[in-house]
């Protein structure tokens, strides 16, 4: 228990990922929903860093690095989309977005 | 010219159809008739040039289409397909000639020309995929014809027709792909060429499955019980021309395919499935005849009668001997002529009264004697009166099957009774008695345009009933080849005995016959 | 201390980068032009894009020449991978893009095409897809994927309607979740093998004999989820109809082809070796995916009242159909995948273009959505030629021979048959029959119904310009005469797939 | 020992922060918790010796991403509590817990094949940043450049979407209106 | 001689086609005349052929052309004129010539005059094909052809519901029998390899008896239909709805005897299977009595004669079944003459009575219709078998045959029937021509038929009287091809007792009939008399309730089952299944489309759910692999 191995990190990562999933499913406010996606990516980053550490291999860090970059760009686009929507509708509630169905 | 006559026969109408877009609306009928006439002359030429002593394929054309997958454009006719091709071109011709005033006549004629391409293509194709292409493609014009010019339920009927047959043929396609794969396994080469496939002898277990796959496609097209329910709708809703071509040619695709594919490819399976199929055929014969008797709509009567007759054709096919198969092919032609004519006749009265309900008629023989006469002739042909075209086919089919099973033939023979019942009942309702309905009192008799279509059919009906030899002989020669092939390929003991070996004894009878003359 | 790294320029094989760089340069050029002189006409940008795509195409041809000669080429620290799959898929990507770009030249003005950014983003997106397919490094795949996706979200939103924003947001959010799945899956694989390169992952797993099968399966599950999203496999498909409906018809057509082929390539790379390693689980799951996707999507397509939405479901179904190739995993099936997709791209782009050409800005009262079925009622009476072409595309999609898609279906089903997936082959065939219904439904509307009062047929060509018409003509000719092209195509594709080891 | 304590501490902190993020009804709390969680994650990076990554994490996430989110939040005026209609909570928690349990079930067991050969091993005697630099600019040069393109795309996308370009629909306007707008724009440029 | 054969065969066809040309035009007298002349030409040719054959000439055999040839099957249009067929040809052409001529007068006022001759001549042609064919298939052509013409002629007055109904009934019933015939043909072909009489009969002796029995049975089923044997007899009485000349020609003289002809033609077969022959004879005897009994009480002139025909057919079958083929043929010939005469006479009466058929409404007509009276009386005498008229020779012979062959039951049945025959025949004569002139009550003014009609009938009268005298020469001719069986009752006393006894019995029956019906007390029955209310009378009146039973237990159920098949099975099961499958697919789509709620949150949930689904599968599988050994151990511990 006290010896922290790779599995601990992987489990932590999984738990965080699951929390992210909760957020994804639970949030109706799109902005808060985007927070949850950040959690997903971050949880994976921990695992990458840990694997990198335990394998003594840098690829994991690289992956984490790119994931951060991707997360950042997603924020830009996502917020852009939200702003457009907000300008038109004055809210960012995804329940209002259901003009297309079936 | 002869080298490519089949290609010309196939693509000439389509090409003409494409050019037809440029023709002015009023002139379209003349254009259509001339194209169909040329096509008919070409098909007659085909017959003229056809050597009826050769049992194999003639006018073969071959061109690699997708060599890496073994698909080639191979065409050819033998006695089996020759007459159906002629029938197809003939019916297209008289169909267009007798076309009554229709909205969008131009579209109709162009569609018919395309339909003709697919029909000829199906019967001339000797490559499974090419066959399949035309087979499927033929659904499209028919879909349009029924759907655009049909009765009140036309959309339902046409879509049902399309999807039902489409579904069946897709299963058949899977079967074809399997067949090609087995061929590939056996030889290391992909091929969809039918003549290549003929050389392949499959184990019985494979045959059974493949037979079943092909059967579904064919059975729906025929249509065999219990896959027949699309037909009454299709016929009931289709315009006259649609019904005529559907009954005369399209249904024949199924039975033709049985002879072209199922029998020679899967002789053992054919023997294995002979009894089940015969039972289905008998159900078709009796059951649909009874259903036909219950109909109130004369077109439905003819439609169900088609199913009933197709039952006899199927039965003859699965007699697996020369008499039966020749008979069934002949009956295909016969039924094409007769049911085509009957649908035309129904169309005649429909044009006048805009109803097909039999209780709306009665006593028509008083006001339309010529019509009644022609109808009577066709009726008698339909019930299989000797010296009409149908009898020859029915007689031979039943005769052939009698060798396989006595009791089933006896049951199938009930066709001649039940057929008479519904037909005579319908005739009685329509033509006999007094004219009770006011509108019927002044109906004009058949006019010239209708006679143009009906007289040739009547002549053929009698002519081929009295003297079927010119047609029967080429059929016979080709069928003998098929039967011999089946016998040679059969692997099970039962199949060997069920399918006659023609190398024995045939010479003797042939020479005996020649001496008799 | 670190020793300096010596890298010889030849060993980098920089030529492998050329096809991806060309669109990037094009995009930058467009941005620069816009900097200097704004408000230039869209034709300029269409021209530039076409030009660069054309050059790109030539570069790919060049690469294919190299491939034919030397086989698979790795480049730039073995990140780039130019094999048959990469080349074939790039051909499709760039080719379809070239067909798509002229669709901007509509008769009516549309918001997105008024901005040069659209074209820049479009070219960026293409390069993103190209990176995605031309690599077996999960990182580069991820980055390429995101580049393309982010650009795509924007392109959808730029259509500038409520529905398109909604579509973009939905797509984006689900894409973000899928990205999460992807990275988690990649993480598991990395944890298992210490590598993020697919061939090395495969090699390591092979070496230890899939000892940690449970781990592998978790990784595969997440990867599968993420690609199932991209490929719109049920139940990850839910974005597809909405996004297609929200975006312009042209864009929807494009989306049904290009992103999917890119995703297919990656899926092939990732899953193929797993399928071949005999993991029953994967086989079962893929089987279920294929069957459920085909069937369910078909059922939903049946009940649609909007043509575009119907086509959206139909393309889900097609994706499921093609997914079977990955399940089967033989050379024949993989070739069939390409065959199918190439033929599908013609037909599908054609049919979406037909919708695009008839796109109105203001909907009349009888029409609830852009392309409701009613709109096409009686089309044969008012504009016969358009109706016939539309019917042609529908028949091709339904798999009626001899039109394009039939040959794809034929080869695909054949590949199932050859590898013993008999039931699958039957299910595929029967699904084609179900699909027949909704394609025919449109034909029924066009050919067998009376036009809605007030519809004089002008609506069907409201957007028509020479460019659009030529694209349709091109697609139509391709659809009809596909049978002539099937053989060379088949040989070409099979050679490339086979030589790439798939 | 220290490592274990640190791991459990930060694990607890991150989990609680993220839990708050996804459950709180106050957008501001969520944002703050998220930022805190990000920082705690960077702690893991430091523990694991990925110093560069830790730094990047703090700068990019807490510095940039959170700032953007904060701006967004202000823009959307969602500082007050967010009202969200909730569907079936059991489905949500069930799915999430199930997924966690399932994965954990697998991850709890050690991997059998642990003797990995590192393809890009850490270099003896070099700092983490240097190592990262070495790999990033050789092996991952192309992804790096593509990431640059991606950021460019994101930037353009952000500008296009959030800027004025999407305010009016050119699709629905007629030519005269557009000319009007253009003229105004020109005026502004001239003045 | 072939020339004459062709004339005999094709003259009727030409006649038919010629008349057919004018079907659409109003009545043309010359159509009837030309048709009659052509038929007469056929008659002349037949006579020439007959003399040729009698003169010991060779059998004329021609093969016109191939009809069907496929596989081993070879069927030509071949025709043969031998002793048997020439007899039939004579009968057919003679009676038809007379009927044609008669019809010119009878159909004088009918709109369908021309059409009538077309049909009638077509019938003659079919009949000629039937009798002249040299193979079973050709026979079948004629067989069906006469069926067709019979249909057309029974339903000639197609505006009458009952006539068309009767036509259809006749056709369908014949078809049922034809099926049997067809099966017989198939059996012949597959067992002998040919359908030519010559080859087939030659091959038969070597076949096993079971097969032969079946062949015999099926061919006889065919014969039963045409010859209206029980249980397929009902159509004949109903067929009387057709014009009377038709009844005379088709339903008395020619077509109905086709069955007898078939049996006679197949004598070589039936000789091999005497048990079937016995069955035929028994059935014949039964029908003879059965039909006669129905004739006793019937009140329809034509139906009475029809039942009498039926009864006489029974006699013929008795003879044929017992192997006395030439006797059967002889009776056939004789019967044709007097029965046709009887019918034509009845036609005259009908004409005179304005289509009234109930003899009870006539009476005393001998004054106005003298010639008809004489003819019909003589015909009835011939029918009753009184010496020296035709009936005596032929009918007595059949009784003798039955006696000699020791079939005493058959003999006694036939004897009783002979009495019944005499009774009902003269009941009819008495009611029509004697007694009160009851027709006056109905305001009818009867008149004698045209002269030329009576003249036309006269040859029949003559033949009915003298036909018996041909017996010996006929016997000599026919036995060239038929088994040469002479029947002599060995003891002359027995012979004379029998002959005289029979004659006395018959005369007594006639006397009784006259006594009962030739007096002035006969009234038009009103359904109140005691006799009319007796059970026996009702049974006979209703034809043993057989038509009723057919209607109730065959026709109605058929109609109802058809309806059920269509409305319940076809629409509600078969079609509904197809539509149901499509419906299920469609409604599944309709029901599950809510999955696409358009709400992003739901979509995300679906994605997560999908992933979780995949994961759970993965974990189950993964754990199963991981703990494979343990699971195995547990399972084996459980004893699985």
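We call the chains A, B, C, D and E, going by the order they appear; numbering starts again at 1 in every chain.
One rule holds for everything that comes next: a residue touches a chain if its C-beta (ideal position, glycine included) is under 8 Å from a C-beta of that chain, and two chains touch if they have at least 3 such contacts.
Predicted model only: the values in this text are computed from it and were never measured.
K.L.:
Taking each chain's centre as the mean of its C-alpha atoms, which one lies nearest the mean of all protein C-alpha atoms here?
P.N.:
When every chain is reduced to its C-alpha mean, the one closest to the whole-protein mean is B.
K.L.:
Please work out which of A-D and A-E is bridged by more C-beta pairs in contact, and write that pair.
P.N.:
A-D
K.L.:
Work out the mean Cα position per chain and let me know which chain is farthest from subunit D.
P.N.:
Most distant chain from subunit D: E.
K.L.:
Determine, using the mean of C-alpha atoms as each chain's centre, which chain is farthest from subunit C.
P.N.:
Relative to subunit C, the chain whose C-alpha centre sits farthest away is E.
K.L.:
Go ahead and note the Å separation of the Cα centroids belonging to subunit D and subunit E.
P.N.:
That gives a centre separation of 98 Å.
K.L.:
How many angstrom between the C-alpha centroids of subunit D and subunit C?
P.N.:
Centre-to-centre distance between subunit C and subunit D: 28 Å.
K.L.:
Take the average of all CA coordinates in subunit B, do the same for subunit E, and state the distance between these two points in whole angstrom.
P.N.:
35
K.L.:
From the mean C-alpha coordinate of subunit A to that of subunit B, what's the distance rounded to whole Å?
P.N.:
65
K.L.:
Which subunit D residues reach two or more other chains?
P.N.:
91-92, 95-96, 99, 102-103, 106-107, 109, 111, 116, 118-119, 139-140, 143, 147, 150, 153-154, 157, 159-161, 166
K.L.:
Pull out every residue in subunit C that's touching 2 or more other chains.
P.N.:
Within subunit C, the residues that touch at least two other chains are 139, 143, 146, 150, 153-154, 157, 169-170, 173, 177, 191, 194-195, 214-215, 217-218, 241-242, 300, 303, 437.
K.L.:
In subunit E, which residues are in touch with two or more of the other chains?
P.N.:
582, 593, 596, 598, 600-602, 604-605, 608-609, 611, 615, 618-619, 622-623, 626
K.L.:
What chain-chain pairs meet the touch criterion?
P.N.:
A-C, A-D, A-E, B-C, B-E, C-D, C-E, D-E
K.L.:
Using the touch definition from the top, list the residues of subunit E that touch subunit D in their complex.
P.N.:
The contact residues of subunit E facing subunit D are 601-602, 605, 608-609, 611-612, 615-616, 618-619, 622-623, 626.
K.L.:
Would you pull the subunit A residues touching subunit D in the complex into a rising list?
P.N.:
Touch residues, subunit A against subunit D: 1-12, 14-23, 25-29, 31-32, 34-36, 38-39, 42, 45-46, 49-50, 52-53, 55-59, 61-62, 64-66, 68-77, 79-84, 86-87, 92-93, 95.
K.L.:
In the complex of these two chains, what residues of subunit D are touching subunit C?
P.N.:
It is residues 102-103, 106-107, 109, 111-113, 116-119, 123, 125-126, 130, 134, 138-143, 146-147, 149-150, 152-154, 156-157, 159-161, 165-166, 169-172, 175, 182 of subunit D that touch subunit C.
K.L.:
What residues on subunit C touch subunit D, complex-wise?
P.N.:
These residues of subunit C touch subunit D: 1-2, 5, 7, 17, 24, 31, 39, 76-80, 108-111, 114-115, 117, 120-121, 124-125, 127-128, 131, 137, 139-140, 143-144, 146-147, 150-151, 153-154, 157-161, 191-195, 197, 200, 204, 208, 211-212, 214-215, 217-218, 361.
K.L.:
Could you please specify the touching residues of subunit C with respect to subunit B in the complex?
P.N.:
380-381, 384, 395, 398-402, 406-407, 410-411, 413-414, 417-418, 422, 425-426, 429-430, 432-433, 436-437, 440-441, 443-444, 447-449, 483, 486-487, 490-491, 494
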